[in-house]
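First comes the structure, then the notes that go with it.
Order of writing sets the labels: A, B, C and D. Residues in every chain begin at 1.
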Amino acid sequence: MSVALLLAIGGLTSVGLYLITARSLSRIILGFSLLGHAAVLGLLTAGGPPGPAPIANQLDGAASANPVPQALALTAIVISFGLTLFLLALARRQQLLSGEDLVEDDLEDRRIRDEEPEAETDQGADAHGTSAEDDDRFAYDLEDADVATGTEAAS
Amino acid sequence: MLPFFGRTSILWAMFSSSAFWVIGVAHVLGIAGAAMLGQRSIRRGLAVGALAPAVAALWAIGRLLQDDAANDPIVSELTWVSGLDLSLRFQLDALATMMTVLVSGIGAMVFVYAIGYFGPKAKGGGRFSASLLAFSTSMLGLVWADSVWTLFIFWELTSVTSFLLVGHKNTDGAVLAAARRALMITGGGGLALLAGLLVLARESGTTVLSDLGPVAGTPAVWAAVLILLGAATKSAQLPFHVWLPGAMAAPTPVSAYLHSATMVKAGVLLVAVVGSSFADVTTWKALGMAFGTASMIWGAVGALRHRDAKLILAWGTISQLGLLITLLSIGTGKAIFAGISLLFAHALFKAALFLVVGEIDIRTGTREIDELHGLARSMPITFGVAVLAGLSMAGVPPLLGFTAKEAAIEAVLGTSGWERWPALIGVIGGAVLTVAYTLRFLLTVFGSTPAPHADLRDDDAPAVADTRVAPRRLAMTVPAVILSGLGLLGYIFIGAVNSIVGPAATELNEKSSVYELIAWPGIKLAFVISMLVVASGAVLGVLASRHTQAAPQPLGADGADRFLDGTLRMARHITYRVQHGSLPVYVATMGATAALAASPFLFALEADHLVLWDTPIQAVLALGVIGAAIMGAFVNSRLGAALTLGAVGLGVSGLFVVHGAPDLVLTQLLVETIVVVGFVVGLGHLGQRFPRSSNIWRNVRLGVAALGGIAVMAALAAASANPSGQPPIADVTEAAVEIGGGNNVVNVVLTDVRGLDTLGEVVVLATVALGILALANARVSGPSDTSGGSAESNGVASDPKGVTT
Amino acid sequence: MIAPSSPMVRTGIQVATPLAVVVGIYLLFAGHNNPGGGFAAGLVFGAIVVLRSVADIQQPSRARELMAFGVLLVVIVAAAPLLWGDLVLDQAVVSTKVPLLGKVKSGSALPFDIGVTAIVVGLVMSLLDGLGQTGRGTDLDASDDRTEVAA
Amino acid sequence: MSTLIALTILAPLAAASLGVLLRNRVVWRDIVTVIGLFASAASSFIMLFTVADQGSYRLHVGGWSPELGIELVADRFATLVLPVALSIILVVEVFAIGQRRTAWGANPELTGPLLGVLTSGVSLAFLTGDLFTLFVAFELILVSSYVLLTHQGQREQVRSGMSYVVMNLLASTLFLFGLAFVYAAAGTVNMGLLAERIPELSDGVRLGLGAWFFVVFGTKAAVFPLFSWLPDSYPTAPTTITAVFAGLLTKVGIYAMIRFHTITEMDALGPIMLVLAGITMVIGAFGALAQSDVKRILSFHVISQIGYMLMGLGLFSTAGTTGAILFLVHHMPVKTVLFLVGGLIENHEGTSSLDRSGGLASRKPLIAALFAVPALSLAGLPPFSGFVAKFAVISAGIQADAVAIVAVALIAGALTLLSMTKIWLGVFWGSDADQSDILRSQAGIVSTSVANRRAMFGATGLAVAGTLTISLFAGALFDLSEKAAFELRGDTPAVIDGAEDASAINNGGQP
């Protein structure tokens, strides 16, 4: 097994993971593309070392590359292709609805969080103040300023 | 009995052998009938409901009269899940027959009583009659049960049906709280019971109640504690008693039936039935007595303090259940006999007293003893009933309660060892208080003494005048008269009672067979104690009826509700920690979990099979791919990102070429093109730059990303180190040409060998297309809001904070 | 949609169309023996559709029908062997001579691949709709209701 | 048998494509869809009886040997679970046809075909003996669920749809990686061969594979800490859709887990699974308690109940696996019914929020009755199927001396009961809030025709009857589950009826 390929797989995975933890759906789509590449390469690697293309009448008896993972990989590519397109359409939809392609938080979850009485009394602050503080603990926020300057929503 | 139904009559034998099922079916039909007829008129529903219990009661009495009960127990079994030993196994022995008489007999009378209790125009008649009969059926199943699981099944059913009955008037918030409290406490106890029974069944190797053998050791202690917990919750023992006073929110027929005569006895019965298995387990006896004596005293104190007549009775029930639990967990022959006798007597007098209170409530419009007085004149029959039942409860001769209490004191005096003194103090103390609260109740309600709080009443009637009452209703009076009269008749025909109670107690403990109830014991220690008890209790009672305390807080009920609400609060707290609602957090959690899951691979890492690269060009391509990917991650313009995506795709295609996968190359390039174009076209309306994220979160993301990459590399390296099987490359190639008829092996695999995968794959594509079309055709704001039922969430969603958090 | 419809581009696309169709057909038939296959062919056809649509030459329609047809074809190919008592997805191999391509040894794999192609083209068509969505689409629920009431 | 298997998988697909073609002919479209789903469900029932009678059946698709091609396995486990799952989809489709004209309905033009795709995916997932085909089946199920969830394109749905898609897409990607690992380690993706080859691997690789696939399947099954996508997405879909999701999707995950982890003998993962099972149960129950919306409460229950199935699996004993399988069989219909009743509530109250409804029991006692049965079953109260299932799992725990998890399971049971009373008190008892009249009129009950109502109530009633049937025949189902568990674990049963069947495996197709 080739270390170079392993590194490529690992690198793609890492970058892919980094991207899909973003809030922007277009970044997430990029991330999934990279992850898809990594998985496909992983399947190929798992099938064994490289070899001539598995086209029977051109082999002349030589052992070809393993065709099965190639077939699996093709299926995988096609499926992730389809899902990527779906995500694109969703992103487009989200942009249509909100002007951005950002993933929003679940409102019911937030409601439960905001109604959390202990959090309110702990901090002795008003409900909004506390929930904002709580959010900082999971600080993955997009700064409002950046949203404002960084986007020029067409709609 | 009747010649027609004589002992040797074939008809009787036929009926007896299949009676379980006949009666069971009659009950189920009765439920349906009551539900339907009760819709129109509650009286009709109740009348129909009374039929099945009446039949069951008559049959049981018939068996008693013919001594079938003791000599010829009927056993019947219906297997349900044989693999789990779950079956409906019933046995009608002497104890079960006695309980049937009580459950169905009192049940039938309560149905009749309810006809009077509810006016003819009461609503929800179908619901009420059906639930009441459903409860009666469950209770019957419970007393017939001869397998631990049958017992448990009906145990839980009584909890559920009683929930429905307690919450009959369900528009009132307090009623709802009471119903919830009752269900949760008894239901929780049911779960403890389940665990306890599981352990018991495993330890004793059988699930048949009548075959249970003695158990010992640590598991037995666990089983004892868990089963007692179950019994204590159901029988309202301290500190689980809090649901019972609340359950008085139920209509009075329900209280009379469930909360005095039958359901609360389930725990007592349980202690009696499985008690023999725990004869050698000290914990059983100690814990049972602790529950019992504490409840005995505290319940009686509660009864002395309350001013609502129904609550007085409810607290009295807690106290008397404590006495029963104490006696039955002592477990000697004498104690069992006394316990069963008292159980019998208690069912009669307590049900009668509840019926009296219900009648007072209906006819005067109040149950507050402060507002009631002089009812002895205006409700003479009710007064008679109350005196008979009350004195029986207080243990005054010539009533059944007296002999039963004699037996109890005898039994406690007969014990030896550590349990003697606590039991004695509990029983005597409880008995004194019982006499006291009984007298207080009788004196204030029926006597003409002005109530201590008379001056507080805003009633303009003269303080000493009797409470005005509505006319008598026959349906309410008759059952009460019968029940209280039985207390007197039982004393007179003590032999008949003995023939019911004796065999029943003997089923539980063979040593019980030598004891019997004695109408007039003569001047013995127990009698002396008993008379002293009555005397001192009487003094206390008279005093108590003249003085009054501040209205007691509903002790404990608050606590239970606080506990339940606290659970809800805790649930919120935990949920908000876990379910944060933010996708990036979820994704990161999942990535981290996956990386963690891959950690075992690290222990299997080997380097032997690794080479640096297959060809140098592979290494170059790999570096290029990584570089482009990293650029893509940090580039801030969308177009740039799309371009790097294309570059990565090209590099990966190159790697495919190196690996000998031309089909992949072709497909990859085409796919890549479409995706990049789609990306640019579809998201072209968006800003050119990505919004930036804050630094703390970026570090977490970087960490997860790094871990994930390492995990995947380690996993692949480790997995390929020592494969346990080799892919059949040559076979596939050969088969592709010969069977599949194609030279491009990959294509043959796709369309033929693994054609099913491809079929699935293209259906995925078609479905995606449908989805995209649907999105394209959906209006931005449709007429319907289906957002989890909360209409306002759409409004909130436009709040920009929805994005920023 | 963004429409870079300069006359040059349009002409170029008009000219390229038949060429791409030929390439697509080649890929479809060659797949069994050489790299290619229904998926690749579908994407090539799809690319033509995209280009023609972008250049405003022709707007695609009937994507749903195309896909439904594709799925039906694929399912029939999969199920057909059952009719003559074989197993699901059993292959029938036939050799035919196709002009320009020479001898093609193929069988039920070919209709299978055609089905795949149809679906992929349908997908690409729908993508055009999906990315160009305006949010003013007709509400399907409502229209359906009307049909139902009328029926 | 081969025909039956093909029919189960392909008939709904054919119906789906015809449904798309016929999209403007409403009646025909519905008829075709129902026929397709019915054909699938019916053949799965025939398979159940055939397999129970004659033993498991292996179909080599296209006649290729398992080394090379795809194998479909109609074994006792698959054929036991499949009919239940497929009947659910059929019932929901009927409900959906009834519900379409109200505001709460899903787009009927799409639900039919998509449910067809979903059915096909579920059949394939249950029947496949090939790990990669399982991946494809998962994708079929997921992609149809993505579309079902988002097809109305409303803001809330798109938001939750994004969470749902992204989480599941990541899980799918992890699945692909897992396939790569498996292929690297064992050179095959056929599960029968994996059952032989994975136990031969070194401990590290073996456990690594087990844990990795635990994460993959655990995400689909919504196991702690991978469940977060579920409660955020399910409630936003139209009720019919949620009913299918709740009944099926997570169960496919747990199904895959039961199959994969038992045949590859991952016993060493047992303790971890038990810990996670306990946390899942409790967190799910707590989550349910924290909610104030019927659909959200029910969604969290899905998670909690997954914990019980995981507990059964994690015990890695035949009794435990039996319990898990029985729980699976019981849970699917019960959960679906509860959501369908949720749909009825929505239709009548105009909301599924607890705070804004009340007193439904007196207005619509039938809905109350339809709710009570599955709710009690879910809470594990006898004599309903939930009791038997929970009992089986818990007694397996007692047998294995796993005291801690049994205690947790019992406590979670109490919490479940509490949250069911919460719904009961909030919706069925209490006084009706003033708003509900307005909401009700908005909900468009007025426009619901009698025929539509009949379809909805009929479907729900049928499903309730189904759960009661499961309760009634719990004994037979337990026996079937036990045989399935024996077969999965490869144990030799000591004394079990028809034990010889378990070993008799008919080979379909030439190797």
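The rule is simple: a contact is a pair of C-beta atoms (placed from the backbone, for glycine too) under 8 Å apart; a residue touches a chain by one contact, two chains touch by 3 or more.
Being a predicted model, the structure only gives us computed values, none of them experimental.
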Nearest-to-centre chain - CA centroid comparison: D
Pair of chains joined by more contacts [C-beta pairs], C-D or B-C: B-C
Separation of mean Cα positions, chain C and chain B [Å, integer]: 59
Centroid spacing, where centroids are CA-atom means, of chain C and chain D in whole angstrom: 34
Euclidean distance of C-alpha centroids - chain A vs chain C, Å: 29
Distance between chain centroids, defined by C-alpha means - chain B, chain D (Å): 26
Per-residue overlap in chain C, given as positions that touch at least 2 other chains: 33-35, 39, 64, 67-68, 71, 75, 78, 88-89, 91, 123, 127, 130-131, 133, 135, 140-141
Interface hub residues of chain A, defined as touching at least two other chains: 1, 13, 20, 38, 40, 42, 45-47, 53, 55, 57, 69, 72, 74-75, 78-79, 82-83, 85-86, 88-90, 92-93, 96-98, 103-104, 106-109, 112
Multi-partner residues of chain B (at least 2 other chains): 572, 575-576, 579-581, 583, 585, 587, 591, 662-663, 667, 671, 674, 678, 682, 712, 716, 719-720, 727, 732, 739, 742-744, 746, 750, 752-758, 761-766, 768, 770-772, 774-776, 778-780, 782-784, 788, 790, 793, 797
Pairwise touch network: line, ring, star, complete, or other: complete
Complex contact set, residues of chain D against chain A: 132, 135-136, 139, 143, 146-147, 150, 153, 155-156, 158-163, 165-166, 169-170, 172-173, 176-177, 179-184, 189, 231-232, 235, 290-291, 293, 296
Chain A-facing residues of chain C, complex: 33-35, 39, 123, 127, 130-131, 133-135
Interfacial residue positions of chain D with respect to chain C in the complex: 2-3, 5-6, 10, 13-14, 16-18, 20-21, 23-24, 26-27, 59-63, 100-101, 105, 107-110, 153, 508-509
Residues of chain A touching chain B in the complex: 1-24, 26-27, 29-30, 33-34, 37-38, 40-42, 44-59, 63-75, 77-79, 81-86, 88-93, 95-98, 100-110, 112-113, 115-119, 131-132, 135, 138-144, 146-147, 150-155
Chain B-touching residues of chain C, taken from the complex the two chains share: 1-2, 27, 31-40, 43-44, 46-47, 50, 63-64, 67-68, 70-71, 74-75, 78, 88-89, 91, 93, 105-107, 109, 112-113, 115-116, 119-120, 122-127, 129-133, 135-142
